[in-house]
């Protein structure tokens, strides 16, 4: 079997390394999730079971890849931040991109019965993904602000839309009613017509889900900079800065546009 | 909510179009499948249930993407051929790569209980994938020859190895016994020591699985070139060449190194 | 001097190999040549001295790089074909692109006094360049057809325009006169108003310049396929196919859209 | 002339935009300059005429491209820093790379007779070039430190080597003498054997050439940050920060590894 005769085809697999030291964001998006959510009768405007399942799938990614230090999700999309010094898969673009979207998808299908026990999965859902590089911390901040601002805008719009539809309007009428309204008008509509205070809607819907790791309990609270922590299993007590790669992954539904979230976790965006 | 202030971050999503008219191959590989197959007690050297599940996942990809005209799988890997003129996702590399690996993964987990009903899935498996371009038909032929030659080499090696182990050798002893043996010696070992005629082993194990579509029944059998076929639903009877994008997906376990397979399906590699 | 402390910056120089076996075209274009030709009072619509200088610069590229087997130039642009199997600079995109445009530019300035002896060069001209890949011979043919068709269209337009201007029209009037006219009308205008038979205009202006190498005299004339030739300096008389990489570079002003040019030189586009 | 039939070949020209906001470095290198310097009998170890010509060619690049805010050269190489917010040619990699190397080459040949009036240019020299991205200011600093450290190392080595050769050693003997010697030993050799105090060698040879622009005279001297300057021709007296893109290009032979050079020109590496 003349194996060697064919092996030259490997030379066509070209290298695709990502720029060193740049921040890496991987964003996955559901493919055809409008139809998918209809088929599986997701609650509108938000299905908390489906959102929790998305969070669970994102957690699988962070459990597997310690260099993913932050994740943010809304609706059928999730963004993952890989720290800038990461050498994951030698920073090969396709390898990183495909491994993350595959694991996310796998976990989503695997955990489906736990999160939607009474809704059999009708067909295999899928996601696409892309890799985006950002040179500096500012742009990473703005990226996640962009996604959370989007979460708010979409949720406000969808909340109004489904209130109108549930009150008897056709989808066409609902869209027409909302056309051209700004945030303030939408808030007032919710309050006056549907007795809903938008700010009382669960933060999970308004803010999206943010996944980070819990830093070690002995983290030095007195410094606002990156803090040295005890390396587990290091008998000599050598200390090194906490980099966000260890600790339990937790979900928070907080504002990540303001400074507070990031100031509390300076290791996410080291200088 | 100042959405526009953040939207500039979209400019960092750079275009990644693939070279037009080049053949596109997407190859997915199981991540950590050595451990995965151990955990799920796959039969050695080949677990027909797991291989059929791989084929089922590959079929999902071909059912979804008509431009995938051929797929070849062995062990924990699968290669997909996208026809050269495809405009799938405007030939965006990441979009194509991620969508295919995600759907494959999803289908693999979704169909697991059907193919391995008595083996609960312990954790979500995942795959990576890459896109490879080939300028000409010759290189595509050689690519698939390379994979099928690899199938043969690995299967012969593994068949010998597991016969030795099942006969009482340690894995270390088995490896030592096989060290330096060529194909002929391995065939003789199987025959003389284990009464196995390698050529009687199921072709699925020896040849891997090839997925193609069945051409329409009225395909002109007299021409060896690409043949015009009736376009379904076209009342005027307009005819156009069959391109391998329609018809039922079938699995075959055939030699694809020789010319016969390709001569029977000239639409796979149009000039 | 802590050299090693800084050397990590080399890691940011990422690989950029071109797809193997694809045909490589490098096209250079003059930057700001409208102004450049005005400053140096180039004759309109064609300055034969400037065109010959372009050809001379292209010849320098072919003299230096044997893998450049064909070049085609018109106006202030030149296209170079690098044979598909070339390993020039390990097919590094930037290296190939920059080396060719640099040598072309250098030769253009170096030979200027020879070709325009009475026109001192006022400032250094420059060119940009790009690399384009084509998977198959058909696309390479069509690329050069595109450029030669462009040569014809531009030359016919410019010939009419400058005839009108030299006859007393303003450039605005000349443009208005030509607006919306097709090739036939332009030919008739030249003939009836200016007594010019377009086909008698020098082929250098109508067809552009094509550079190829002369094959060895002992090339087998009886085969239309690639022919074996005597390798120079090989005493044993070993013969191998002529690949267009040796022999004197010559300029021709021929039609390269039709088949004849390519049939006469089968080595340019090997299967 | 069926132009449209061929125009599809343009689709093979794929986009190649550089990552936004990253610092861009273009480095050009002489091709075959060992032979070139021999042919033109450059003085060893440094030919001040040839170095000045390199500086002149680099100045042409900065005069043409205002976004090139810094250049550093030694021997037959030059590095250009393009500011991170530059939109030059929409940040197209090949366009930027080829335009700069072409203009540099052109200027080098154009100005040759001025700088080496008694040395006729024997053949057209050429350069290659590459584009390198750096995410942050630190890496840009380290890049230029790398090049200046290299200048020092090479110059010390070459100075010793040519002293030995001029004193009568063969090149082989000179190399052997220098093998394994460190900086200190080389300095001592120069002093004790050749009465040369290395620090008295012209800084142009020891430090390389750095090109920057002179800031406007009314630049605010009291702030260490980027300073607002009067925009020329703006009657309203609107002030904006100086960005290093205007003002006369000057050559300095200074240390650029330490902080001083950069602190004096905070606009080169804005946060």
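Going by the order they are written in, the chains are A, B, C and D; count residues from 1 in each one.
One rule holds in what follows: contacts are C-beta pairs under 8 Å (C-beta built on N, C-alpha and C of every residue); 3 or more make two chains touch, one makes a residue touch a chain.
As the structure is a computational prediction, the values presented were derived from the model and not from experiment.
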Problem set entry | Interface with more contacting C-beta pairs, comparing A-D to C-D | C-D
For this session: Averaging each chain's C-alpha atoms to get its centre, pick out the one most distant from chain B.
Result: D
Problem set entry | Inter-chain centre distance, chain B versus chain D - centres from mean C-alpha coordinates, in Å | 51
Seminar exercise, completed: Distance between the CA centroids of chain C and chain D (whole Å) is 31
For this session: With chain centres taken as the means of their Cα atoms, state the distance from chain A to chain D in Å.
Result: 44
Exercise. Tell me, which residues of chain B touch at least two other chains?
Worked result: 12, 19, 21, 133-134, 139
Exercise. Inside the complex, what are the residues of chain A that reach chain D?
Worked result: 19, 21-22, 84, 133-136, 139
Exercise. Quick one: in the complex, what on chain A touches chain C?
Worked result: 11-12, 14-15, 17, 19-21
Exercise. Chain B touches which residues of chain A in the complex?
Worked result: 1-3, 5-10, 12-13, 28, 31, 60, 93-95, 97-99, 101-111, 121, 123-134, 139, 142-143, 145-146, 149-150, 152-153, 183
